[in-house]
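Here come two complexes built around subunit A, the first alongside subunit B, the second alongside subunit C.
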Partner chain A sequence: MEQPKEKLKLGVYWAASCGGCDISMLEIGEKILTVDSLADIVLWPCIADFKYKDVRAYPDKYIDVMFFNGAIRNSEAEEIAHLLRAKSKILIAYGSCSYEGGIPALANFYSKQEIFDRAYHESQSTVNADRIEPKTKHTENGYELYLPEFWETVRMLSDIVDVDYFIPGCPPAEKTTWSAIEALVSGNLPPTGSIIGAGNKSVCDECPRERKETKIKRFKRPHEYVAPDPDQCLLEQGIICLGPATRSGCEARCIDSGMPCRGCYGPCADVYDQGAKMISAIGSVLESEDGEEIQRVIDEIMDPAGLFYRFSMSHSYLLRRRLVGAKEEMK
Partner chain B sequence: MEETNEKLVKLTIDGIETEARKGETILQVAERLHIDIPTLCHYRFVKPYGACRICSVEVTIRGKSRFVPACSYQVRDGIEVQTRSEEVIQHRKMLLELMMARHSQVEVVRKLAHEYGVDTTRFEEMPSEGCILCGLCVRVCSEVVGANALTFVKRGTDRYVSTPFEGKADTCIACGACAYVCPTNYIKVEDIRDRKYVFSELSLGPTTPIHIPFAAAIPGIPVIDSHACIHMQTGECGICSKVCEPDAINYEMQDTFEEVDVGSIILATGYKTFDPARAEQYGYGRFDNVITSLEFEHLSHASGPTGGAFVKADGSEPKSVAILHCIGSRDKNYNEYCSRVCCMYSLKIAHLIREKVPDADIYELYIDMRCPGSGYEEFYNRLLEEGVHFIRGKGVEVSQMPTLATTTPAASNSKLYVKCEDTLLGMPRELPVDMVILSVGLEPAEDAEEVARIFKINAKGDGFFMERHPKLAPVDTLSDGIFIAGCAQGPKDIPDSVAQGAAAAAAAVSLIDAGEVALEPITSVVDEDVCTGCKTCLVVCPYGAITRDEEKGVAVINDALCKACGCCVAACPSGAISQRGFDDTQIEAELAALLMS
Partner chain C sequence: MADTTTTEKSAEHTAEKVVPFEPKIIGFLCWWCTYAASDMAGTSRLKYPPNVSIIRVMCSSRVDPSFIMRAFAEGADGVLIGGCHLGECHYVSGNYKTAARIALLKKTFSQLGVEDDRLRLEWISAGEIRKFAEVITDMTEKVRKLGPLNWRENFEPK
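Let's turn to the complex of A and B:
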């Protein structure tokens, strides 16, 4: 790879994230050494100690490329998103959570209070006789302690700040990460707002399985398909695979292992709401035309919201479950 | 010419000088000269056997004469053959007298013996059961059929024909060749199961594997049923090709599939008749004299199995016949619709029976007489005048024993009893009749569902193909360029079928004549950069307008067939298909505008 005139300044940040994205950056293997020779790391909380005050001290647009992973869950993430936007030339939403809400955004099916009740009171492993819940401010021995405020709704990075590029995946596959880095280093970039590192088509394009023209009679849950036909389309076998509605680029790695696609690369190029598209597609290929039978088949789909919107709640027409009586914080 | 001459031999038969090819038998040469030599164990398609010796002739060669069997003796140069000399006649007489000792009851032997003036025998009589041990059956089964299902058992006077080890012959293919060649009709083929089949839809009498499908078949040439043809099953036989002088028999011919590019298609795939075995109460399949209307047609036809004689299963003439309407039609248990044609053909059947058996009692058991159409009502009136009994009430059951206490059992125990409710008399009745004809209704053809799927047209609830509009577009379907005609669309009689067929042809011609078609402006369009060819849209398109370009691996929409219904747009999981003028951003903008206000 061609050496840029000046070493790039690279940052990686995590918001509401599991840490998998940080690890996935290392999945590129020995190529990380190439990255090291091309760029200086100026922020990466996962692997080195950086303080927010250090970042604040950087001049604006100091960071060349900022990989931001994780969704916006609380006031801290939101604040840092604004900060990093100001300090970065190119801000990238890296991974499903920052691109489209990801797993954390499934919390949007609940209210903040329901989440607190579950996490701090109801869960089987919790003993909390004093009913203590996180507060934004606490005074202890005359000292004031602050915690970020927990938002009602999880949002994706682009809801908060302008994002230059998106890299999908939970986490992004090695090939996706590397081709995005190559594009960034070479400067051969598409218009801002584009997806980089992934394909334009759906996962079916990379899937080796064969799709016939059959319709679906019934759906199977994971424990019901011990050994699906290795050559036939999983969806045709009644196993709900989000591959047809999911952007390509992962090289169908889940399907290759016999597991259906869960849709982590988000919708294809021309689609906004991935879950709605998949529901619409599945509804179109049910074999039965009898109302009762159709209802029975549909009832076989457990947790449809979680299944079809596993990664894309923030990038959907749904956004969240309607809050009754709660203050409207959505913009 | 030299070569050919070498192979010819000169001989004299009964004083006639003739030439013959080397290897020919005396019998073959005699046949050519129309000289009659009696035979019993000879059949042209099996090798000569010389068992009966009745064909013995006197051959004189170089002054010496002796008796030889004409069927197996190959001609030689310079022989003189006497087929009717005094010695020969004496010789045959002796043979016949010996035969009469065992087979005096066999007609063919007795007749032949009588021709030779032999009516009694001087030998001890040991009557056989009818087999003259000519061995034709054994040889045909082995040489022609190749099944080897028959064999001789024991020797001398104990000899008889049986199956190998006298068990059930697994190799028998039930071809009936043994019975066919048997000169004494001792061997008979009996169907031990049920009925004998002519065609798949009819069940009257056997036929040969090579046959003309039916009397008025077009083209009127024979076909070979490959499942029944001995040659195609065992590789033997081949007799039809041996006897066919123009050498037109071709066993190698295979079914071929041909693709034809066309602009429009007319589906006239017809119907099938209701299978009355589904309605057990009518006894079809249980009682020999319960037949369907189509079987009656076959039976009464001049080229049918009885030459047009209307007879019962035992060959006797029926004196009373009941014709039961609406079998499988207008019945919630089977088909709710009226089959439209049965009333009229039932009247025709009654008329034909009246012609063939003028004094027969004919009953028509009907729900309503439906006789709309040119001359139909008049025909009904004619039948009333012909003395046919019309009973308004559906026949509900056919039995061999009377079931109503009021019924007087008939003297003959071969009667069938048809139960019905006579709605005009207001009482249940039971008619003792000789024969029952079931006027079976019309049903969608066996493969209607598959045909509908292939051509992407819809079927109605009853299974017949659906027209685009029942009144205004009766030959069109929802797929442009595909038209329907005849009973494929629903039961109808011949005039209606012909009219609809002509209408469908005109509709197809109007498309061809115009040469161009008007397209919907808002058809769906595929973004080939996004489409992965996952085939979801192929399943949902109700018009068959989408195909998959296997080379590019993308869906292709045929603008001429697309009706802009949008099913594929909704179904496309990757969002590659959008509808012109209705893409997602446009709809989102519409919604946003609506919701904002």
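Let's turn to the complex of A and C:
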């Protein structure tokens, strides 16, 4: 790879994330040494100690490329998203959480109060007789202490600030990360707002399994499909696989190991709502001409919302479970 | 004094303007059956509530679940899908696909807090004009009882 005239300034930040995205950057193996020769790291809380005040002291647009992973779940993440937008030339939503909400956005099936009740009162390992819950402000011995505000709804990065590029995946596959880095270093980039590193087709397109036009009799739950046929399409074997509704670029790594696609690369090109497309795909693959049979097969699908929106709740038309309804239920 | 009078008048005016809730329902109707029924119900001067905004599609299976979700997200209180009876689809098997999609969508909606009556799938042939009027009347009343969906409220709080 050609050496740029000046070393790039690279940042990696995590908001509501598990840390897997930070680790996935190392999945590129020895190529990380190439990255090191091309770029200086100016912010990466996962691997070294950086203070927010240091970042605030950087001039605007100081950071060349900022990889932002994690969803926006509280006011701290929101504040840092605005800060990093101001300090970065190119801001990238890296990984499913910052691109489309990811696993943290499954919390959108609950209200903030339900989450607090579970975490601080109901869970079996919790003893909290005083019913203490996190408050945004607390005074102790004359000192004022602050905590970020926990939001009702998990949002994706592009809901908060303008994002230049998106890199999908939970975490992004090695090939995706590397081709994105190559594009960034070479400057050979698509228009802003594009997905980089991943493909433009569906996972089915790069899946090695074969369709044999078998009629689906019923859908199996995960504990029921020990050792599926290694060559046949998983969907045809009655295993719900999100391949048809998911963007390519991962080289079907899960399906290759006998696990169905869970949809971490998000919707395909020009699609906004991945779950809706998967519901549509299930309707098409059933190929039953018996109304009762259709109803029976569909009834066996457990937790369709959680299954089809596992990674994309913040990137869906409906965004969350209805809040008004939740409030009424609680009364 | 004149100012006060105007303010009072406008206050009265606003109070009077509280109109009862009228459900907004989007109807995706298949061109070969339910849309034809709606057409004939019109020419036959059948009476039914004006709450359904009809969008004609070539087949009920043309209705992607994302159309329905987007309708709810952007302010619809109910969505009606009308197609040919099972076995009578102009495209042979389109409505079986619709049946599966709507069944799965209803399950998904129950998890998201959208009441079951807000999404309705009906098979209405071109001749069943009375059924068409009854379905529209019944659905409008059911959605009226449920009240406004107002999904946009869910986007507001952080």
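As a working rule, the second predicted complex is superposed on the first by the 317 of 331 C-alpha atoms of A that agree within 3 Å, B and C clash if a C-alpha of one lies under 4 Å from a C-alpha of the other, contacts with A are read in each partner's own complex, and residues count from 1 in each chain.
Here is the rule we use: a contact is a pair of C-beta atoms (placed from the backbone, for glycine too) under 8 Å apart; a residue touches a chain by one contact, two chains touch by 3 or more.
Keep in mind that this is a model prediction, so the values were computed, not measured.
Undergrad: Figure out whether A:Ser88 sits in contact with subunit B (first) or subunit C (second), or with both, or with neither.
TA: The answer is neither, since A:Ser88 touches no partner chain.
Undergrad: Classify the contacts of A:Ser179 with the two partner chains as first (subunit B alone), second (subunit C alone), both, or neither.
TA: The answer is neither, since A:Ser179 touches no partner chain.
Undergrad: Once the structures are superposed on A, label A:Ser312 by its partner contacts, choosing first (subunit B), second (subunit C), both or neither.
TA: Neither subunit B nor subunit C is touched by A:Ser312.
Undergrad: Of the partners subunit B and subunit C, which touch A:Asn69 in the superposed model: first, second, both, neither?
TA: Touch partners of A:Asn69: none, neither subunit B nor subunit C.
Undergrad: When the two structures are overlaid on chain A, which partner does A:Tyr272 contact: first (subunit B), second (subunit C), both, or neither?
TA: In the superposition, A:Tyr272 contacts both subunit B and subunit C.
Undergrad: Could you look at A:Leu323 and tell me whether it touches subunit B, subunit C, both or neither (first, second, both, neither)?
TA: second
Undergrad: Could you tell me if A:Ser98 is touching subunit B, subunit C, both of them or neither one (first, second, both, neither)?
TA: neither
Undergrad: Residues of subunit A touched by subunit B versus by subunit C: which partner has the larger set?
TA: In the superposed model, C touches more residues of subunit A.
Undergrad: For A:Arg211 in the superposed arrangement: first (subunit B), second (subunit C), both or neither?
TA: first
Undergrad: Under the stated touch criterion, which partner chain does A:Gly291 make contact with: subunit B (first), subunit C (second), both, or neither?
TA: Second partner only.
Undergrad: Which subunit A residues are contacted by subunit C in one complex and by subunit B in the other?
TA: In subunit A, positions 271-272, 277, 280, 283-284 sit in both the subunit B and subunit C interfaces.
Undergrad: Which of the residues in subunit C end up touching subunit A in this complex?
TA: Touching subunit A from subunit C are residues 61, 64-66, 68-70, 72-73, 86-87, 93, 96-101, 103-105, 107-108, 111-114, 150-151, 153-155, 157-158.
Undergrad: Which of the residues in subunit B come into contact with subunit A in the complex?
TA: Touch residues, subunit B against subunit A: 527, 529-536, 538-540, 553, 567, 570-576, 578, 583-584, 588.
Undergrad: Please name which positions on subunit A make contact with subunit B in the complex.
TA: 200-202, 204-205, 211-215, 244-245, 248, 267-272, 277-278, 280-281, 283-285
Undergrad: Touching residues of subunit A toward subunit C in the complex: what are they?
TA: 75, 78, 109, 149, 151-153, 155, 271-273, 275-277, 279-280, 282-284, 286-289, 291, 294-295, 297-299, 301, 303-306, 308, 316-326
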